[in-house]
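Chains: A, B, C, D and E, in written order; residue numbering restarts at 1 for each.
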Amino acid sequence: MASTPSVKKIMQPSEKATSGYSSAPMVRPSIPEGKSMRTADELAQATEKISVRDLSFYYSDNRALTDISLSIPERCVTAFIGPSGCGKSTFLRCLNRMNDMIEGTRVEGKILLEGQDIYSSKTDIVTLRKRIGMVFQKSTPFPKSIFDNVSFGPKIAGIKKKKDLYEIVERSLQRSALWDEVKDRLSESALNLSGGQQQRLCIARALANDPDILLMDEPASALDPASTARIEDLIFELKEQYTIVIVTHNMQQAARVSDQAAFFYQGLLVESGATEELFTNPKKQQTEDYITGRFG
Amino acid sequence: MSTKLDIYTTKRRGRIANFLFTSICFLATITCVLMLLVLIWNIIIQGKGWLSWDFIERLPSRFPQKAGIKTALYGSIWLISLTALFSVPLGVGAAVYLEEYAPKSRWRKLIQLNISNLAGVPSIVYGILGLGLFVRALAFERSILSGALTLTLVVLPIIIMASQEALRAVPDSIRRSAYALGATRWQTVWYQVLPASLPGIMTGVILSLSRALGEAAPLLIVGAAAYVPFVPEKLSDEFTALPIQIFNWSARPQEDFHHLAAAGILVLLIVLVSMNAVAIFVRHKYGKKIRW
Amino acid sequence: MTEKRSNEEQPIEMELSEVAAIKLPRSTSLESAGGLWGRLRPFYEGFIHFSLFVCASVSVLVTVGIVVVLLYESVQFFFDVSIIEFLTGTKWTPLLKPQHFGILPLLCGTMLVAGGAAIVAVPIGLGTAIYLSEYASPRFRDIVKPLLEVLAGIPSVVYGYLAIVFVSPIIRYLFPSAGVFNAASACIVVGIMILPMIISLSEDILQSVPLSLRGAAFALGANKFEVTVRVVVPAALSGIIASFLLAISRAIGETMAVTLAAGATPKLTLNPLESIQTMTAYIVQVSLGDTPTGTVEYRTIFAVGLMLFITTMTMNIMAQYILSRVGEKYE
Amino acid sequence: GCNGKSETGTEPAAKKAGTETEPAGGTGEALSGSVKIDGSSTVYPISEAVAEEFRNVHPKVRPIVGISGTGGGMKKFIAGEIDICDASRGMKEKEAAACKEKGIEFIELSVAFDGLAVIANPKNTWCDCLTVGQLKELWRPESGVKQWKDLDPKWPAKEIKLYGPGTDSGTFDYFTEAIVGEEKASRADYTASEDDNVLVTGVQSDENALGYFGYAYYEENKDKLKLLAVDGGKGCTKPSLETVRDNSYAPLSRPLFIYVRKSALERPEVVAFVKFYLENAAQLAKEVGYVPVSDEVEKQNQDALKGALSK
Amino acid sequence: MASTPSVKKIMQPSEKATSGYSSAPMVRPSIPEGKSMRTADELAQATEKISVRDLSFYYSDNRALTDISLSIPERCVTAFIGPSGCGKSTFLRCLNRMNDMIEGTRVEGKILLEGQDIYSSKTDIVTLRKRIGMVFQKSTPFPKSIFDNVSFGPKIAGIKKKKDLYEIVERSLQRSALWDEVKDRLSESALNLSGGQQQRLCIARALANDPDILLMDEPASALDPASTARIEDLIFELKEQYTIVIVTHNMQQAARVSDQAAFFYQGLLVESGATEELFTNPKKQQTEDYITGRFG
């Protein structure tokens, strides 16, 4: 009763697909011209944007991250992969000090942003977070209108004029592929959106803030292939200017969008390197097992 | 492309607003604490030297040196226990009904308005109602029972409104999850919503019982006496209460009684704090965990 | 296997060899669950529903009771006193001869004290609540919050004396024209008295705003002030307004402290340095005093009570309206 | 001072009172039950003192004393809810009629006298004595007196600040009746408080103040206040134990009463209590700052009680 | 700079993978022996479990679903697919009347569960929901311990003994592939779990209730490939006894696990049928476009 033929069939159309979505991994269908993955050499040459040194992180007594050292290059996409619960989100939250909000947590080691220690007492967290935008794993729209959600960041950054705000909102929503669906209901509560719409709203919200570095925790987990493709396109577009860190469970996605990948396992950074290399020729058996789906 | 900001420097505008706001909030807090301290300090200064174990053990007397607060203390403990017994289930029940059961209709809005209005009805009016209803119509006479029932009416709106807000703060997703698991409405409320809203409900209970403990006027109307030389033993006994005794003492011409009144206030505060300790403990215990 | 499945009408329980040995009670009909408990459950639920309904009805009955009493006696009052005089008169001396029945001085006094107390308590209370919820360490909060709740239990006589011996002299020092009894000192002490209501209730509500909302705002580079003012407070607004309502209601209902601090002189003035009387204080004065029942003097308290009821109702309707415009409900 | 401050001073007297009365109620130990007293706040201190002493004699009897004002007490008395009503004025006709209607018979016992003190701020150097006429001019409704010089041209042109008890106290009723001539007829623009301590504070802190309240409050705050003499036609007199008792401090001294329900006198504990009350009223009234009644009045009281009991 | 070779390489391991995860769509790697997709004929013969007739659904005045008719066969897996915001979650919530909780909503049409109208006034919602379990799109653990979360359903169903409860909790967590990670911290708050862990917790919670029909709204959206594979295995295991409805954005997943698929678009049910057929030979161009990723 095996339905192998049907599955074969499914795969065929994807080969001719024009935008990259998860069912079409055989070729890299959607990398537009001029958007390309950085090679290992290029990565090595890239300016280091964030440098993580011997970072350990504790939830009360529980060590969630152990001695992580990683360099995140500028204008590249870095993907974090690893099994659920391995500490990807925790690490991401360390990068913009969102973990400060959780009581009883402790950080050891250093994270340098352009050479400045973000955990230094001199650091202004607000400025830090303005520069490092974040899309959370669980989308959390404010209980306000869609417009207010997206315009929140620009507003607190001092933009007052309705027209300017509207422009930013429109642009951000367009980039996150939500505009068409919500353009007629901008004043409706964001809580009335569907799961995937909320996710795209949160992406738009982060974009509206025009950050320097963008941390995205599974930004496409609730999205259909088409929307996913548009978000991936967006990432390609953004990486020309921004530094992007993305957490994803989708190996294809990681392979498609990232220049550098880091594999986490039980709080340890098992391996990191150029995506090309990590996926084709991992140094550690664990990595190999994970990306080939042999483990779990 | 965004202008790069040095993360070690803040934009001044935001920092000043933030600093001002923080300072104002902090000042507000300090003001409150100071006011409380001044108040309590005043009372302690006046009452110190008069507060003793004997003072708590003795019956009332017209000699300040011999006067004690025993009957008032017992009366208040009776009253407050009964009031808690009546008002907490009733108030929380009403809040649960309004938030979890009542269909969101005009009728519900009306009840809501009712309750807000009741909160603004002066306690003396409840005294008048209690006199007519409990003392006369239901023939409970001028007893502890009448007093407690009257106080129940006084504090009910506070408990209801505080509990309602606490219930409202529980995210709907919690309810949905419980319903999706086949929980009945009551099971959802009992196992999920109430525990999650317990801290807020406890605040309501603390506030309302505090108020009940300090309330004198409605009790005078329903017949609390000023001089009761025996400790109440049953619901139908005559009674007096701490605030009445305190008021009585502070209205007397002799200076010494004013000190006694201060000592009485200290006793009242001790009762208040120990009574609230339970509620505070509960709130503390549950209040910590729940941060969604 | 296919056959088996398609022929089977039986409920699934049979095949669950490997499913838990512990079976949950189950029914196949939608109309009621099986088992004794299943059959009893609707009654049990119904009983609880009914009990809770009764709880809620108590407050309705109490309101009805109060309104009926107020109306009944007020109607009789308005046989003796013209409603025009009552509503427009500027003198209130029903207990003195010659009698005057103009409610305006009392209404004015009530507004003055409630408004003044709110002006004192709302900013301080909200500020404190915000500080405790958003800034203070949990340790600090756990100590200070219960401490401040003690303010709610101090008998109002104490506040009254505080006003006379502490607040009033200060006010008279600052404003020599002030009397010993003045509305300002009443506003201040009543403000202090209602603080814990605002602080405790608001703090609870602020606390229950999900952390994830704050996180989202922080991640957008908002500072604490912006997070608090633009996200947390709006999300908690319904609760905060409820706490204001309760507190102002308490301020309106307060008597002893007001009488001691502001005296008992009904006066049509908005000058907080003068002595005034509030509606509630008047009601207490009459009902605890000597006035014989059944007289016009005694009935005034019901007319005043009715007026008070209408006042608070107006306030509440306004609050409900405001809430329906600006309230936010988070998931 | 008969203020009860010094325990040693008053204790023996009370004890003596207790031992003296033992035979009155029969075998004291056997009595039990409760006696309910309510009413005037003015009379309350006496009743409370009596109740307290009474328990030394009959520890099983529970005397309960409430304060609801004379009028409030009367209401309860008419409703049959209490045995004894304290009153700082005589029963009104209306009230008596209501009692009759409800079938409640009672006896009236006069237990003490109280003087009303007219007081000023100690810094007031100009005024020592006021005539009844001046007081009336000052306190009557629509009074035009605004400044001290309106009362006497020699006095300064400073605004008079008036303080007095609230409209609901027996003291107010009595003062208006005695001075203005009509109960409850008073100017309205004075600072009123039901709490006499508050009035003390008010007058004390206001140089141009003038007020009146119960003599007992003056006694306790002598050093903070200036007592004014009142000229009721027989020259300026200040209130004191003597002048109140011999009625030379007229018209601002008034009698205090208790009303006893006759049917309550069927209960031996009530009888014992009332007898005890009469025997000790003089002593205890003094103690709490009132003026004891004359022997003559005491005799009338005894007769009234006997009369009621013999029926 | 094209990295085509690397992507080629990525695909190779997946061909030997033993558990199905999204990066391995070319073959159907993980359907265990004896677990097979039902053919169209078999589907036609299957008993109808839920029958949806002309269902329309309104959020206030907004029609979110239009005239949907669908038959959900017993002991089969039905997958709902469609772009974000098309009404999948809404439809799913109609099936166990969770939409009742949202104010101002309105349902037209009928849903029959074994012939009984679930929207009839006689229906006992509690019994209905006991029988129809649900895993929400956004995981929402109760603010309680992990143990309390999973044991909630059994507890309210009347199971009192700690031992029994513990057994159910263990078993459910094992099935949802969470047990190993949390067995030492059952009494810790469920809110401290990672995103994927919370999602598996919610699956365990639904399983503990032993429902008859299981509605899962993107149950694997936050899961790594290994955990996803285990959830898919679970679905295969469950469908021997239960009727399962799943919403997913992952075409491979839909193809792998479902027997029947339904494609929604803008509140309309565009097409439904045996997965085999729908994926190989869709009747509508829209469907074709969507599953081949051509659209969006």
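Operating definition for what follows: contacts are C-beta pairs under 8 Å (C-beta built on N, C-alpha and C of every residue); 3 or more make two chains touch, one makes a residue touch a chain.
Please read these numbers as outputs of a predicted model, since none were measured by experiment.
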- line: Co-neighbours of chain B and chain D resolve to C
Pair joined by more contacting C-beta pairs (B-C or B-E): B-C
- prompt: Where the CA atoms of chain A average out and where those of chain E average out, how many Å apart are those spots?
  reply: 26
Distance from the mean Cα position of chain D to that of chain C, given in whole angstrom: 41
- request: Report the inter-chain centroid distance for chain A and chain D in whole angstrom, where each centroid is the mean of the CA atoms.
  value: 85
Query: Can you list the chain C residues in contact with two or more other chains?
result: 41, 138, 210-212, 223, 226, 288, 329-331
- prompt: Listing for chain D: what residues touch at least two other chains?
  reply: 68, 195
- request: List, in ascending order, every residue of chain B touching at least 2 other chains.
  value: 14-15, 18, 171-173, 184, 220, 250, 290-292
Message: Can you tell me which positions in chain D touch chain C when the two form their complex?
response: 68-72, 74-75, 94-95, 141-142, 161, 166-170, 173, 182, 184-195, 198, 201-202, 205-206
- request: Spell out the part of chain B that touches chain D in their complex, as residue ranges.
  value: 59-66, 142, 220, 223-230, 238, 248, 250-256, 258
- line: Within the complex, chain C is touched by chain B residues 14-15, 17-18, 21-22, 24-29, 31-33, 35-36, 38-40, 42-43, 89-94, 96-98, 101-102, 109, 111-125, 127-129, 132-133, 153, 156-158, 160-162, 164-166, 168-173, 184-186, 199-200, 203-204, 206-207, 209-211, 213-214, 216-217, 220-221, 242-243, 246-247, 250, 261, 265, 268-269, 272-273, 276, 280, 284, 287-288, 290-292
Statement: Residue positions on chain C within touch of chain D in the complex are 91, 93, 95-98, 160, 164-165, 169, 172, 179-181, 259-260, 263-266, 275, 285-286, 288-293
Field: Touch list for chain D against partner chain B, complex
entry: 3-5, 7, 10-11, 34, 36, 38, 41, 44-45, 47-49, 51-52, 55, 62-68, 81, 195-197, 214, 216-217, 219-221, 287-289
